[in-house]
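The structures come next, written out as structure tokens.
Shared chain: chain A. Partners: chain B in the first complex, chain C in the second.
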Partner chain A sequence: MFSSLKQRVEDVLLAGDEFSFETDDTISLTEPVKPEKAVCGPGLRRSGDRLVVCKSGVLRHKPPNVFWIDSQQRRYVPAKGETVIGIVTAKSGDMFKVDVGGSEQASLSYLAFEGATKRNRPNVVVGDLVFAQFIIANKDMEPELACMDSSGRASGMGVFGAGGLMFTVSLGLVRRLLSPHSEVRSDLETLFPCELVIGMNGRLWVRSSSIQQTLIIANLLQSCETMTAQQRKELFRRVQQGAL
Partner chain B sequence: MMEVSGSSNVCLREFGCEQSLLSRPDGSSSFVQGDTSVMAGVYGPAEVKVSKEVYDRAVLEVLIQPKVGLPSVRERSQEQCVRETCEASLLLSLHPRSSLTLILQVLHDDGSLLSCCLNAACMALMDAGLPMSCLFCGVTCAITAEGEIITDPTAAQEKESRALMTFAIDSTERKVMMSSTKGSFSVHELQQCIAVSQKASEKIFQFYRDSVKRRYSKTH
Partner chain C sequence: MKDTPLSNCERDFLLRAIEEKKRLDGRQTYDYRRIKITFGTDYGCCFVNLGKTRVMAQVSCELVAPKENRPNEGIMFFNIELSPMASPAFEQGRQSELSVKLNRQLERCLRNSKCIDTESLCVVSGKTVWQIRVDVHMLNNDGNLMDASSIAAITALCHFRRPDVGVQGEEVTVYSPEERDPIPLSIYHMPISVSFSFFQQGTYLLVDPCEREERVMDGLLMIAMNKHREICSIQSSGGIMLLKEQVMRCSKIASVKVSEITELISKALLNDKAARKAGGRCGFAESMPQERITALKTDETPVEMKDVTESANDIVQKAEAPPPAVWSPVVPVPGVGQVGQQNTWGLEEEDDDEEDDEEGSEEQKETETKMEEDQHEMEDRGAGDVVEISDSEEEEVVILHPEIPDKAKITGSSSHQQRAATSQKRQKK
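Presenting the complex of A and B:
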């Protein structure tokens, strides 16, 4: 099955395609045979003794044994550990309700900020943008956010947003921006200096030295979704020369 | 799969589709079969009212808007057919206490409307990235007064037929997921129509595969 999975890496697969665990007809008696283990990521599900594709997309592989389906989506589904940009919608008792773009609003405790105690409450009002990570996110429970990591430090999370613009893009573009050697990000660095916050729920926040530059960067990122690499480099070059 | 006998006509009208054409829904598609054209939009998984939520799976709501006028009883029965097919193929238990909404707008009806709705619905669900256990497609067959079987009939052919059947076929085992029939026909004719529909569904599934391949080859 490993080999049949490896054969189809970088192929476009549809929901319903399956891989079965084929056993070899002959097992060698002289060499030690190790059991194969494959780690299945998003888009692949195990059903009995078969591996079924449940989302349409491209099969990706990370050695040694991780496989997943790369699919394009606009709707975010909360997952533990992901950092997202949320909008505070309500304050009820000791918790804030935060809209992260999923099917349910997430809750954020007021103690989940760096240096927050019962006497020293964080300065959060309804309508603020927060950059937080999920500490609980599964299909059965209400998602919970925290603005600090496990050691109690903020590490970039918390309330932010004055003077910038938040907009929504597809999840695929966000993953491309966050990948280690992102071409889109390196192209963006050649333009104006700006501050960029990337939420894995498809929300981006941009702030640059003037409102016009902020809007230009926001429009460029939104149009990056549908362009090939060639067209994107061409467009960025035109902006750099000041044509737009 | 059943055997197809000689006197049947497995030819479909020209079909085409487009995905991600609407900006607000999470998934959208437009499917054209000959002159029949349907546009679909999917929203979800989204918030649901507490009165409508189900604790262990997502709730799917289908709305079919006709080209002219308000939805009537005919649209309600078509919605039920589409909803049952979608519920059978979507993995609803992965999103408990959420809602999925599928809205189908009829742009032009020239026969085979229900199968065009099913195809548009499947493409929109794929575009939205919802987890599915299999894909499905819709095929319509009409039996003429002489006993000939026509696939993908036009509105004129549907009017003159003595029986009209629509089947939803799944992609993994080519089995019938849903059937909606009108008119009088024998058991043998029904089995023949099912065989013809299964054969026609191959073309549609190949088309799905090609269009998804084209879509993913663009953005790299």
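Presenting the complex of A and C:
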């Protein structure tokens, strides 16, 4: 199965495609053999003894044994531990209702901020942007957010947003931006200095020194989705030279 | 489903950008987004893309009784549908405020301006008139639905062809498109609406707002005009106070825009006409761009054409040869023979004298007098066939069933036959 997976790397797969153990998968009897383990990333799921593709997209591989599907999905499904950008829509009693782009609005308790107590309420109004992470996110319950990590520190989360622009992109691009040595991010660094907040629900927030530059970066990121690496580098170079 | 709420930071940023005369997609203040007009396979079906806003209009017609107070005018009916496909904010079934507003604006723009000659739609005064129905569907909402709908509606009306009718007294016959060419509607002028959005209490103005700009605007001014600079309708919503100079300026901008858009529409209609004439594939299927991953497209499988003749020959050779024809024995009645294919008279022998005599004799031996055969055939055939086998001395005996299957020839002949044949030969000779 490992070999059949490796064969299909960089192929477009559709939801429903399967990988199963083939009858001619041989194991050598003479050499010491380690059991092959394939780690399934997003888009692949194990069902019984088969690997099933559950999202359409391109199969990617990271050696030694990680496989996942890169897709252009824009619809976000809340998952525990992911950090997202939410918009506060309502204030009801002890908690805020936050829109994260999923099927339901998430709730954010006002005590889930760093240094918040019953007397010391956080300064949040309806319409603010918050950067928070999910503490409860499954299909049976209403999702819950918190603006602090397990030790009580903010670590970058909380209310933000003045002066910048928020826009939506596909989830695939967001994951590309968040990967450790992201090419897109390094290309972006060659342009103007800017502040960037990346929410895993497909929302990006940008702020730069002027409105024009902010708009340029927002448009560039939105167009990165449909460009190859070559075209992107070319475009960034032209912007840098001030042609645009 | 509720639409995504607009955050404060987006609103502030947009307003500040507009103050600096910057738009989200880099347009200038008076710029329209890219307009693309395509047509469907039927006459009267039109798609309009205004940037990412996508709208479809379909025109149809039927014969109905006219209104009582207007017995010799046709009826026009407009309907705008906000499909939930266009935006999560649109709900199926419920008539929202926006839908009512758009419907009213389109009606005012097209009906009250009398852009279509309704009297030409009359078939029998007081009894039968054409009712033209325009349905506009929103497919994607990225702002400025009104302009896109007006462009789609008027283009679809110009594109539409109604069936030809013949009136004889009180009887009305509708001809199908195959019988008689359908006729276009008679349209006097093309009213097109242009939308202006105002920000900061009328200080700043933008033409063709996109969806986010629409959310932060204070008010909207819609001017419907045709290319002859006649204003068909003006509507201001949002409760903003506008100065006279502002309205005049907007109307000047609108006239420029309308003439550009009218030219675009005429060009699109001409292109479509040329494409239909050339018989090219036009219509919905061709107007969809082919996205790589999702198009149902397989590569052409190459068919081997090199060895076709050889393989065909092989097949022919390997097939069984048709069974050799064996004529059934036929005993000639004395005095009667057949001239023609199988000569029993021996006349052909004269021609074949140069050839082997053996051949000639063989012919005699193997000759079939087709008498009995034909008699059999006559019994088999129906009454309609006429075969004259007579002892007439005409040279040509026409048998009306030429494809008599090759019957088996007898190779051996009875001596009786031989004698009979030779006796006949002697008689004739």
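The criterion applied here is as follows: the second predicted complex is superposed on the first by the 200 of 244 C-alpha atoms of A that agree within 3 Å, B and C clash if a C-alpha of one lies under 4 Å from a C-alpha of the other, contacts with A are read in each partner's own complex, and residues count from 1 in each chain.
In this text, a contact is a pair of C-beta atoms (placed from the backbone, for glycine too) under 8 Å apart; a residue touches a chain by one contact, two chains touch by 3 or more.
Everything numeric in this text was worked out from a predicted model, so none of it was measured.
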| item | value |
| --- | --- |
| First, second, both or neither for A:G127, with chain B first and chain C second | second |
| Partner chain in contact with A:I211 - chain B first, chain C second, else both or neither | second |
| Touching partner for A:T89 - first (chain B), second (chain C), both, neither | second |
| Partner chain(s) touched by A:G164 [first = chain B, second = chain C, both, neither] | second |
| First (chain B), second (chain C), both or neither touched by A:N219 | second |
| Chain B versus chain C as contact partner of A:G199, first or second or both or neither | neither |
| Partner contacting more residues of chain A (chain B vs chain C) | B |
| Partner chain in contact with A:V12 - chain B first, chain C second, else both or neither | both |
| Residues on chain A lying within both footprints (that of chain B and that of chain C) | 12, 56 |
| Chain C-touching residues of chain A, taken from the complex the two chains share | 12, 56, 87, 89, 99, 101, 125, 127-129, 161-166, 205, 211-212, 214-215, 218-219 |
| Contacting residues of chain B [partner chain A, same complex] | 26-27, 44-48, 91, 94-99, 126, 128-135, 170-172, 208-209, 212-213, 215-220 |
| Residues of chain A defined as touching chain B within the complex | 12, 14-16, 18, 43, 45, 52, 54-58, 71-75, 77, 102-105, 139-140, 172, 225-226, 228-229 |
| Chain A partner contacts - residues on chain C that touch it in the complex | 4-13, 16-17, 20, 22, 24-26, 293 |
